[in-house]
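Before anything else, here's the structure in question.
Going in written order, the chains are labelled A, B, C and D, and every chain counts its residues from 1.
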Amino acid sequence: METISSIKPLGAVLVSLIAAMLILLTGDRHRNLREAWTLLAAVIKFSLVFSLAGPILEGRSVETTLLTLVPGLKLQLRVDAFGLVFGLLASGLWVLTSIYSVGYMRSLQEHAQTRYFFCFALALSATMGIAFSANLLTLYIFYEILTLSTWPLVAHKETPEALAAGRKYLVYTLTSSTLILFSAAAIFVQTGTLDFTPGGFLAGRVAEGMLPLFFALLLFGFGVKAAIMPIHEWLPSAMIAPTPVSALLHAVAVVKAGVFGCLRVILYVFGPALLTQKGLWFPFALLVSFTILAAGMIALGQDNLKRRLAFSTINSLSIIILGALLLSKSGITGGILHLANHGYLKITLFFCAGAIYVKTRKELVSQLNGIGRRMPFTMGAFALGAMGLAGVPPLNGFISKWYLCLGALEAHEIIFLVVFLLSALLDVAFFFPIVYNAFFKAAKEEPFRCDEAPLTMVIPLTATALFSLVLGVYPDALMKFFSITNQAVRAILGGG
Amino acid sequence: MIDSLMSKYNYWIYIVLMMIGFYAMIGKKNLVKKLIGMNIFQTAIILYYISIGVKKGGTVPVLMEGLPHAAAYVNPLPHVLMLTAIVVSVSTTGVALAVLLLIYRRYKTLEEDEILKSMR
Amino acid sequence: MNAPQIPAAILIILIPLMSSYAIPLLGWRWRGAGYYLALSAIGASLVCSLILLYTVLTVGTIHYHLGGWLPPWGIEYVIDPLNGFVGVVVCCLSFLVTVSSRASVEKELPDKKVRFYTIYLLLFTGLMGITVTGDVFNLYVFLEIASLAAYALIAIGEDGAPLAAFNYIIMGTIGACFYLLGVGYLYIMTGSLNIADLAKLLPALYPSKVVLVALAFFLIGTAIKMGLFPLHVWLPDAYTFAPSAVSSFIAPLMTKVMAYILIRVMITVFEPSYSLKAVPVGTILTWLAAAAILVGSILAIAQSDFKRMLAYSSVSQIGYIVLGVGLANATGLVGSLLHILNHGFMKACLFSVAAALMLKTGGRNIYQLPGMHRRMPFTMAALAIAALSMVGVPPTCGFFSKWYLILGAIEAGQWIFVGVILLSSLLTAVYFMRVIEIIFFRPAPSGGHATGEGVRDEIPLSMSVPLWILAAGILLLGLFSEKIVSGILRLALPAGY
Amino acid sequence: MITQYENVIIKTICRLLIPFIQLYAIYVLMHGHYSPGGGFQGGVMMGASFILLVMAYGLDEARRRISVKALTIYACLGLFIYSGIGAIALLMGGNYLDYGKLPLPLSSIPKIRAMGILGIEIGVFLGVMAIMIFIFLAIASYDTGGKDD
């Protein structure tokens, strides 16, 4: 594969870092200027990432080598098709979330907004770094930065519960990164490299007996952020964070970084060939299947809207991982596509939850009767997002689920096909009552009038919802997710 | 058995002295006694060094008429080293005494347990 | 072999030594002289150490013969990449710490400035002497100079300081005496005190039990001096009660230099194949180190006094350094040496923050710190960086020494120590993240005496500039650690590795 | 606080002994470089003579004869002589403490070396004497506090 040296990947990482510094320097005194930095950085970042799509689609990869970290390992950024999907997703949604954040934070007159925007920008830098890391150590570095920069966001409210949630978040994520570090070091000692290679680089270079250990440690290491079931507990607690944080970080950046890490491990460290040969994938596939179903069931019982969304997130994340674990062409395609599609759908839902909270201070599902008449745009978008997650055509969720089901068939594992279908049913079961109640059950005394959240919030959530629709009809729209995904899958399976 | 033990009597002496000092440092509650123990400890080592420089029939290491060979003199180097060690020991004692004065001025006692009680 | 006789090798200790007793003379007329004289002397030493390191790296090992007497009869100073590196670390950190000492000395010891800087320079002289000397007995003398100065400096602190200093004197003297006994046993066997000469003579004598006893004495002596668990009991009190300027000087440097002695003895005087492998010293060291790492971390969690917490964290970090030595392979040793540098920077930064807190609030209790990030944002940011580095978060430097140590442990097949290192970084996270949470996220106590809440009240420039250089150093050393490793540390490894 | 000891015998004997102790101290010093003895031993004896003085005549009398300020100067001066001679050798192009390189108008290198080491011994003598007295005074007058004077 041809490689181009360019500073664009570095630029994409640094631009929000610089913005973070500027935000800190600007401080609370010039709020408009501070928010301007965020927006400016978001737009620049997105255009930088977007400009990388061209070379990738031509089958090349773009690389920035910064310096040698330890002998044999470089701090290196390399954009490949898979990384680009995640990069495009995160940077694109940052633009919208920034607009939304401004509206949300100002409407609620939150405290410590400078810290909030600072950490937000920092987290985005780290996310970009994760997307573009060329090796496991670089990935680990950015992964740790992401953990720490999102900690203040989780603990933002500074109430005892928020602090406790922050602590829980730290305990889970730092422990998990310890596992990653351990296996990275052990793999490095045995192979002398940690560079991601499409199709994996471990085959024949690591002691046979260690493979299951490394696989388990790495998957659990990244799996904590991806909230695989026994180690998911931090995610619902972290929902105490402000809604934009939940939206971007807990539906897009942080948890997706975990999923992204899992997929990197499955597809670029071990590789489909090795995993099929050793049969390592099967126990984990069972575990994530359990997560999918259990999270769906738990979500049914949640009354707090954000907690319900959180469990729905856990459910969807495991679907993505399961897709990749099936190791078949369509399964991997579906997984990567769902990574992007789920981002748009879930952020829509979170945006809606935030808008509802800002306008009405309501957080419980049972309080939402008739809200659709008061906030038609918000709830319309919510309905679209819910349908997308359930896999209703013509939304983008349908496409990825279609591929996932195909993947299960290709792998000749009917049981996982059943899991996918059941999970779609569960999605319907826990989202549609909300939509139904919002539109068709009138609240008792509340007068009927349109009373929407601020424009800065409504525009982003409408945009994401509509874009999900567009992606469903034309999957290659604007960002060419579909082509890029195919590119990635070809590289993985061709190379393996 | 006894012979082999006795032939190395200088070692036994220094070890016994050292252990006495060590006991005083660890076991005594009075800080001055601890300090005295420390001095015994250091002196034991100094004695040990001096004893290893000595040889039977050796004389003072000052060049003398008729004794041209180094073999006739005791080894002066350990003694010179001990001169330095004595200086060190004196300064340590000096500093320790000064610190004891500080302690006494602050707590009006030199018993360790009483000091610890009053610190609480 | 015609080794270069570079005057820098002696000036590096002569300048601070002469300056130290120039201070009381000047002090009659000009009481502020101490600070400037100390600063310029240490600055001159820094320049010397850089010259030395550069010469070592370009020309080769420097031998400097005092009085023109050739070794093994005369005392010689030897600078090879190992102590050239340690020398630069010590000088560099001392310089920064000394710059920042002014304000806290003014606050805590206003009437003892002159004496303070006299002894302070003596301590520095002792540390530099230990670093450059190539003679085991000369090393003992410098060891005692440094220790005596440290006892005195600690004793002038507050509250429990004299008792802490006295305990340190007792323990330190036992340590030094054991070291001296080790020297004596080696002298009986070889008749030499020169390190290079000993290294040549000893291999023939390895079967002898006397050599083994000497090794054991060296080991115990240095272990006491650097506070290796379970001989660390003097350390927490001494670091806690010492004046801020002293603890930020002693904590990062003293134990590191002592660790250097351990490395020098284990690696250069004895051959690693003997001292670490043939006898189970390596195993003993690694297990003690593992215990130190865990116990230090756990005890640190239990503290509410900021300086005491840092002291226990030092106990645990010393464990890292010793662990790398005990692993007896190149990667582990590189990790140790790198950790000497990294931990020096981190601890200097953290204790400088403690000094800043003492200066501005007069207290050390971490539960009194909520809202401090509004009063002293830059200082607290530096604290956060250093704390993250202690936890081992990349790309700060703390991560990289841990990385080498982990690799070293894996190469040695010691999986359990990998677990220990990783577990301890989690424990470290517990106590440092707690501090960060309290400072940054807990709301400041409302009402009461905290009327100054939200008012910017930063430390003076003389403190904040070094602090920020240290904090930036933590980041830069992390990013450029590979340069240090391949440029200097690889050369410092013994031939057998 | 050590006060004057009212005993004629002790006072008289001290008065008689002290000059001889001091003379002997100087003898030990001057012979130090080619026979047993030297700066440290001489310095300790010299210091001891003053300590005897303090014990017999009390602290106040001793303070009148020798001030802390003077002691500090002596100590520093001694150390300066020591390291200064070494540094002069360094300046003359030799190694540190290479007495052979000292610019002394003497006929042969060994003689220059002997003079050099004598200079060193004198420095050590002054330093040790001052420090011994200093330590003793500091401990004897513990109740007066320890500030910069």
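Following the convention adopted for this analysis, a residue touches a chain if its C-beta (ideal position, glycine included) is under 8 Å from a C-beta of that chain, and two chains touch if they have at least 3 such contacts.
Remember, it's a predicted structure, so these values are computed and weren't measured experimentally.
A.B. asks: Count the C-beta contact pairs for B-D and for A-C, then tell me which is higher.
C.D. replies: If we tally the C-beta pairs in contact for B-D and A-C, the bigger total goes to A-C.
A.B. asks: Which chain would you call central, comparing Cα centres to the global Cα centre?
C.D. replies: Closest chain centre to the overall C-alpha centroid: C.
A.B. asks: Between subunit B and subunit D, what distance separates the C-alpha centroids? Give it in angstrom.
C.D. replies: 24
A.B. asks: Whole-Å distance, subunit A centre to subunit B centre, using C-alpha means?
C.D. replies: 70
A.B. asks: Suppose each chain is reduced to the average of its Cα coordinates; what separation in Å results between subunit A and subunit C?
C.D. replies: Averaging C-alpha atoms per chain gives centres 44 Å apart.
A.B. asks: Based only on mean CA positions, could you tell me how far subunit C sits from subunit D in angstrom?
C.D. replies: 35
A.B. asks: Residues touching two or more other chains, restricted to subunit D: which are they?
C.D. replies: Where subunit D meets two or more other chains at a single residue, that happens at 146.
A.B. asks: Along subunit B, where are the residues that touch subunit C in the complex?
C.D. replies: 22, 25, 31, 34, 38, 41-42, 45, 48-49, 52, 77-78, 81, 84-85, 88, 91-92, 95-96, 98-100, 102-103, 106, 112, 115-116, 119
A.B. asks: Can you list the residues on subunit C that touch subunit A in the complex?
C.D. replies: Touch list, subunit C to subunit A: 388, 391, 393-395, 399-400, 403-404, 406-407, 410-411, 418-419, 422-423, 425-426, 429, 433, 437, 440-443, 479-483, 485-486.
A.B. asks: Write out the stretch or stretches of subunit D touching subunit B in their complex.
C.D. replies: Going by the criterion above, the answer is residues 34-36, 38, 40, 131, 135, 138-139, 142-143, 146.
A.B. asks: What does subunit B use to touch subunit D in their complex?
C.D. replies: Listed in rising order, the residues are 60, 62, 83, 87, 94, 97-98, 101-102, 104-105.
A.B. asks: Inside the complex, what are the residues of subunit C that reach subunit B?
C.D. replies: Touch residues, subunit C against subunit B: 137, 140-141, 144, 148, 151-152, 155, 159-160, 162-163, 165-166, 169-170, 173-174, 176-177, 180-181, 184, 187-188.
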